[in-house]
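Okay, got some structures for you below.
Common to both upcoming complexes is chain A, partnered first by chain B, then by chain C.
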Partner chain A sequence: MIQVCRLIKSFSDQPILNEISFDVRKGQILFVLGQSGTGKSVLLKCLIGLLKIDSGEILIDQQRVEKLSNSELLDLRKKCGMVFQQPALFDSLSIEENISYGLVRHFKLSRQEQSDRVEKALASVKLDQKILNLKPAQVSYGMQKRISMARTLVLQPEILLFDEPTTGLDPVSTTAINRLILDISKQYNTTSIVVSHDMKCAYQIADQILFLEKGRVIFDDKKEKIGQSNHPLVKSFFSEVRI
Partner chain B sequence: MTSEIRTSQHSSKVQSPSPLVEGQALSYFGFDQPILNEIHFQIFPQEHVVLIGPSGQGKSTLLKIIAGLVAHHKGTLFFQTQDWERLSLTQRNSHYLMRGMLFQKNALFDSLTVLENVLFPLRETKPDFQDKNQELALELIEAVGLSHALHLYPNELSGGMQKRLGIARALVLKPKLLLLDDPVAGLDPVTARSIVQLIQRLQTENKNTCVSVLNDMNRAFEMATRILMVMDGQVTDLGPPEVAIKTKHQAFRNFIDGEPI
Partner chain C sequence: MTRFLDSLGHHVLFFLQLVRLTFKSQFRRQDLLMQIWTITNQSLPTIIMAGFFVGAVMTIQFTLQLQDFGALSYLGGLATSGTFREVGPLLIGFILCGKVGAFTASELGTMKITEQFDAILCMGSDPINEIVLPRFLGIIISSGFLLVGGLFASILGGMVLGAFYTNVSVEEYLRHIPRFLIGISILSGFLKSLVFSILLAVVCTYQGYHVTGGAKGVGRAVVKTAVISMVGIVTLDWLTSFSMEILIQIVKEAR
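Then we have the complex of A and B:
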């Protein structure tokens, strides 16, 4: 579903991603792990063409992303839902308007269908309908994160890209979000890439783990193999979990 | 699989009879119900109290009340035994200078560089401050691993780097009361551990008091000298980490295991 080959992306001549290659098969969940500032979020933005790469190839569903025109990129992005690191909600819109924003813009649905999809998305992130009329500033940060996730899920994308979906969430919400990613992946055969620092989450739900250090891949394999890695950074992350 | 919890190496401090901060029957109301409902708590000098609990239940609100940034609706809040409501503006301002706060979303100045963000509290609050006296700011920036980014702007930093910058800025006035709203959120485990060590080192050096909100239970148990759980409008004192870890409080057990409460 997603193939990346020798991807290079630099900022001010400083390479952030240095010859990154990996594949993700349809329905799989790939966790991208690594220290902060190592280019994980940059990688996600490159995948959907929000950042232009310096060289290399990105294939999503047989399309070369770096060669797509702006209108083709827009079509690609409709297939890809992205949950950003910060909730990135519209302050001036209600929570219902935030969640339905993409639906209104990209789908011709009746009000009832729209409302049903919003309610379903909200329920899937374990939030109550009574918050629908509130503004983002009136709910906690953890709730804002879940609302941003509902806003992505409501579009029922084929590919889901998560940029630290559980950062700032308590352990219960973290487990709930992880189970949700797993459920969605199984139920809709969605392909997911999750950028995270959370080795415990990765170990719970990933099929495959890609580990980056200073813009290079230091581990790319099934999650079961990560305990066998002798790389000090991988081992340090892995010490966060006990099997 | 369970999370591996390492408890703090710091033993719980001997509690002074006079708390630095105390809340008596404090309430804070949200839209249709109390977020904090007649809670009682005490924060003693040189403690590191960690607030944990499900999201949306008032941890950050309580931290902001302690910071004096959000007004409670009922009850009494004491700072060094003085009733906050009865303090003059001048007295409140002197209290504010004793506090350093890291906000959940960092609240960095977009138009200032990394160095300028950290220097900002010094320039604003110390009339005799001269830019050549940057040692402490530079030391803190180095401690949080941002020396290479001195002249970058916040939007040029990753989420984790922004968090580290926020911590450096919160520490630059050597506050007596350090308030940290999720200081390791968005940080990888290696950086998070180094931040924990930095905060503990500075707390030992400066003999300050810390109150943190944490969602990462590994870090909560490493940092805390006492753990308070904020849930259902109430604050429950779970004691020092070595006591909290053995608690039979079922909601707490479920919470740290990430299971529904």
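Then we have the complex of A and C:
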């Protein structure tokens, strides 16, 4: 489904990603771990062409992402949903308008079909329909994150990218969001890549873990094998789970 | 100098991109109408108030000159012509810089730093088409409505002050307006207003869309919008005034 080969990305001569390679199969959840500033979010943005790469190959559904034109990229992104570190909701629109933003623009649906899909997406992130007419500023940060997920899910993407989905949330909301990611992946059979520095989350939901340090891959395997790694950084992250 | 030319080039390229997208007509009409309504609705009271007092100020200034020659009956014509050709478009341009330009730059900048543009891209849409273009066109179209509102308020302001301060009756004030306010004066005013609004629309959308560096970056974009557009408006005012004078001379000679 997703193949990345020898990806290099730098910002003004400072290397951020250095020869990154990995594969994600359909329906799998890949967890990208690493300390802050190791290029995890940059990697996600490169995957869907929000950032141009310096060299390497990114294949999504046999399409070379780095070679796509702007209009081809827009088409590709309709298949990929991304949940950002911040909820990135549109302040001036109601929650219903936020969720249906992509639907209105890309699908010729009747008003009823639209609201059905919005309600279904909202239900899948465990939110009540009463909030549909509110503005994003009128709900909590945790709810905004869920709304942001609903806005992505409503387009029924084949690939889901999560950029630090639990940052800024309390432990209860964090667990709820993790469970949601797992449920959504099963329910919609999506391929997911989750970027985080939370080892516990990774252990709860990942099929595979990719560990980055200073822009390089130091671990890429099934989550069960992470305990066998001899790398000090991986070991110190893994010790957090055992505690 | 290199930085100035670099910035100028980027603004021009951004403007050309917006013009190209305008003719491709991929934006939603209701977004444009909403922008026109919002900008006009929010700025009209300020413009009318400012226009009223500008008309009044012009009347005071011309009264001081005309009294000495006993030509107060020409007050309405001269004050209105001056406002239509010069002061009106300039003032409306400045007010739009402070109100609409700063607002648009900060709104777009905040959307940029909170990843809202990236979210739009991820939903398979283009934020320039969806967000920037309706604001760009909205500013240009609204400025036409605002100019008309401001100019009528200035005539009213001049008329009221003329009646109370100089004892020039309303009939007397209005009588000479058609004599001084020839077609070229009206054209000049509207042309200037159009040029100023295009400049402002390009600068504020460019600065807002290209914000980097978090909240500080948004602040910088707002300041840059105000400075670049105000200096640009004064420069373009000179350029258009100069061009219009040459045009008027040519027309006069041709007659």
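FYI, the second predicted complex is superposed on the first by the 242 of 243 C-alpha atoms of A that agree within 3 Å, B and C clash if a C-alpha of one lies under 4 Å from a C-alpha of the other, contacts with A are read in each partner's own complex, and residues count from 1 in each chain.
Going forward, contacts are C-beta pairs under 8 Å (C-beta built on N, C-alpha and C of every residue); 3 or more make two chains touch, one makes a residue touch a chain.
Nothing here was measured: the structure is a model prediction, and the numbers come from that model.
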First (chain B), second (chain C), both or neither touched by A:V139: first
Contacts of A:G34 with chain B and chain C, given as first, second, both or neither: first
Touching partner for A:E96 - first (chain B), second (chain C), both, neither: neither
First (chain B), second (chain C), both or neither touched by A:Q204: first
Of chain C and chain B, partner touching more chain A residues: B
First (chain B), second (chain C), both or neither touched by A:A88: second
Residues of chain A that lie at the interface with chain B and also at the interface with chain C: 85-86
Residues of chain A touching chain C in the complex: 45, 48, 50, 70, 74-75, 77-78, 80-82, 84-86, 88-90, 101-102, 105-106, 148, 151-152, 155
Contacting residues of chain A [partner chain B, same complex]: 33-37, 41, 85-86, 134, 138-143, 164, 167-175, 197, 199-200, 203-204, 233, 236-237, 239-243
Partner chain A, residues of chain C touching it in the complex: 111, 114-116, 118-126, 130
Residue ranges of chain B in contact with chain A within the complex: 1-4, 31, 52-57, 60, 104-105, 157-161, 163-164, 182, 185-192, 215, 217-218, 254-261
